[in-house]
Amino acid sequence: MARLTHEQLKQIVEAAIFVADQPLSKEKLQSTVLDGLKVSNKKLDAALAELTLDYAPRGIQLIEVSSGFRFQSVDSLSHWLSKLWQEQAPRYSRALLETLSLIAYRQPITRGEIEDVRGVSVSSHIIKTLTEREWIKVVGHKEVPGRPSLYATTKGFLDYFGVKSLADLPPMQTIEVLPELEQQQQDEQRLKTVAEQIESDTVSQDSASDLAELGPNKEQLH
Amino acid sequence: MTQESAPNKPPIQQPLPLAFVNGEAMIDKPEDLYIPPDALEVILEAFEGPLDLLLYLIRKQKFDIVNLPVLQITQQYMEYVEVMKEIKLELAAEYLLMAAILAEVKSRLLLPKRADVDEDEDDPRAELIRRLQEYEAIKIAAQEMDALPRMERDVFTASAEPNEQVAPIKIQPEVSLQDLVLAFQSVMKKAKAFEHHQIEREVLSTRERMSRILELLNNHNYLGFETLFLVSEGKAGVVVTFLAILELVKESLVELVQAQPFSQIHLKLREAEEDAWQG
Amino acid sequence: MARLTHEQLKQIVEAAIFVADQPLSKEKLQSTVLDGLKVSNKKLDAALAELTLDYAPRGIQLIEVSSGFRFQSVDSLSHWLSKLWQEQAPRYSRALLETLSLIAYRQPITRGEIEDVRGVSVSSHIIKTLTEREWIKVVGHKEVPGRPSLYATTKGFLDYFGVKSLADLPPMQTIEVLPELEQQQQDEQRLKTVAEQIESDTVSQDSASDLAELGPNKEQLH
């Protein structure tokens, strides 16, 4: 067989690495595509080095991993390339929705408390799914044996459902007993009592500066 | 017939007759085809059917299809078919059909022409010629298709690995506010069935505020009591915060700390009584 | 999102085609990696054309096949590259290739029509192999006794043979002009073929839309 030119060698090595199913080591290149062509390791090294340089400005790069050489997309493109693969996640189960609603309406709440209400255990998978979706998060731990996590909904949860605050969630109608009117009166009474209490306190000078300090967290209080 | 010839022996080293027909007749093997004497059905495999065989005979004799010399072709064709009948009759059915067609064409050509029939319309070879030409066109098309550079044989897909950071994007299921409310209603109905558990009504904004205060306390060890009240929220806001703090204290989630009478009150997360849980 | 530079666009498109599991069409590029980036089709075309040129001297090339763009090794390197695999590329029998050609050039076509042209029966094995390779598919049924299946080729077939459309297959040798005496018969046959085509057009919605796809290649269907 005629000797390969430098360009031919580069082409063969380049194409081989691109079409192989696995990274290709220099040994593998020599024993397969370059078999019988008597290419010195020095020449092969040179070809690989040149290819690495050729691809440096491109969207993919020639890199060496433990089992050999392969082409791989550039770091900075990962964000866009991820969009090539989209998976439709399965619909949420009833158990998940019930758990979410309990966390929304009864927060902060522990897993045990959710289980008490639902009468069945809450799978870790559900908590994980809700956490990954950034709808719930742990806001503390209840000081009872086991220090269970206290779950609450996030701002992301409110954004998703298009409400400004939890108070804007639909009222929980089924919760028996008190007719609406009575409830409202009760609430008003409660507010009034507390408001009066607070009004009678004088806000100290100090607290003004404390409030300023709290500045960055302001939106979290809403 | 001798068995010593291996199928991969070159054809030129085979002086043996191709086959015996009716005990002694023999024919030459096609010059450009290698047919092992002990595997005559290869004839059938070498040709893709009677049309292919006819085409072969025509091309071999350098005949023009359009002027199909029916007599010669029929003769040669029949020789092949005789061989097939001897060896593998069941494979030869399609070839026999063609033999019948050829015989029919031959006999019609032999009949004297009638003067009153427009001869242009009635060449008995026409249909056969059309079929041969159509078949030849497809045969050539198949050869050309086979010659096209194709995957796995001539070209290979060039691919690169996605960077490790490339992760599939999950399309999350949609949930409506109504789904959420319905779920809550259903869970509450169920809860009622468990009578031992009592559900009390709570003002939602208070629960929300409880969550936020806990969050804040996760970031600060101590929070000044007053710092939690924002004048900008008005009276209602202040009340909600106050109720939330009371509720947190009641549920033993936070404690209020005052160093001395009248000094500032601080909120802190309730200390974990670590030792108590480790045993 | 900030506008992409021309170089960024080229990098994203290049990397996407390399990492995708299938050839990528311009539509797919726009709906995945370029989603939201407001890249005009003109700019995308320009990027693809430049990439094609960039790779022209290399061991692999950017080509457009039926279902989109892909990179593939250069034809002339196949001798060396095939050493990467232990197994030989599959060889196909003449019977299979003739059947496939008939389906490609005369689609939609029934098994009986294939048998008429070839003068031999078509084995079920061949139809099964072609179907399993996803080179052919049933696009409808001919409204004659027995309602035989009508076969057509797929995009996968065109991809495999590296062409963009049926029109890019080597043109089929037209049947030689017969002496005048047969002209009439030929005309009749032609009429019959066209009539059958029209008939099969109305066979099913499926095949109708498939035929529409074939639009530009109609003359090859004669």
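Here the chain labels run A, B and C in written order, and each chain numbers its own residues starting at 1.
Rule of thumb we're sticking to: contacts are C-beta pairs under 8 Å (C-beta built on N, C-alpha and C of every residue); 3 or more make two chains touch, one makes a residue touch a chain.
Only a predicted model underlies this, so the values are computations on that prediction, with no experimental measurement involved.
Relative to the centroid of every protein C-alpha atom shown, the closest chain centre, again from C-alpha atoms, is found for B. Centroid distances built from C-alpha atoms place A farthest away from chain C. Here the spacing of chain A and chain C, counted between their Cα centres, is 41 Å. Between the CA-based centres of chain A and chain B the separation comes to 32 Å, rounded to the whole angstrom.
The mean-CA centres of chain B and chain C are about 15 angstrom from one another, to the nearest whole unit. Within chain C, residues 15, 18-19, 60, 71, 73-74, 81 each touch two or more of the remaining chains.
Touching two or more other chains at once are residues 156-162, 166 of chain B.
Across the complex, chain C meets chain B through its residues 15, 18-19, 60, 70-75, 78, 81-82, 89-90, 92, 94-95, 97-98, 100-102, 104-105, 117-121, 159-163, 169-170, 172-176, 178-182, 184-186, 189.
Residue ranges of chain A in contact with chain B, taken from their complex: 15, 18-19, 60, 70-75, 77-78, 81-92, 94, 97-98, 100-102, 104-108, 116-119, 133, 139-147, 150, 152-153, 160-163, 165-167, 169-170, 172-178, 183, 187, 190-191, 194-195, 197-199, 203-204, 206-207, 210-211, 213-214, 217-218, 220-221.
The touching residues of chain C, when paired with chain A in their complex, are 7, 10-16, 18-20, 32-35, 58-60, 71, 73-74, 77, 80-81, 83-84. Looking at the complex, you find that chain B touches chain A at residues 156-163, 165-173, 175, 177, 179-194, 197, 199, 201-205, 207-212, 214-219, 224, 226-231, 233, 235-236, 238-239, 241-243, 251-253, 264, 269-273, 276-277.
Chain B contributes residues 48-52, 65-66, 94, 98, 119-121, 123, 126-127, 129-131, 133-146, 148-162, 166 to its touches with chain C in the complex.
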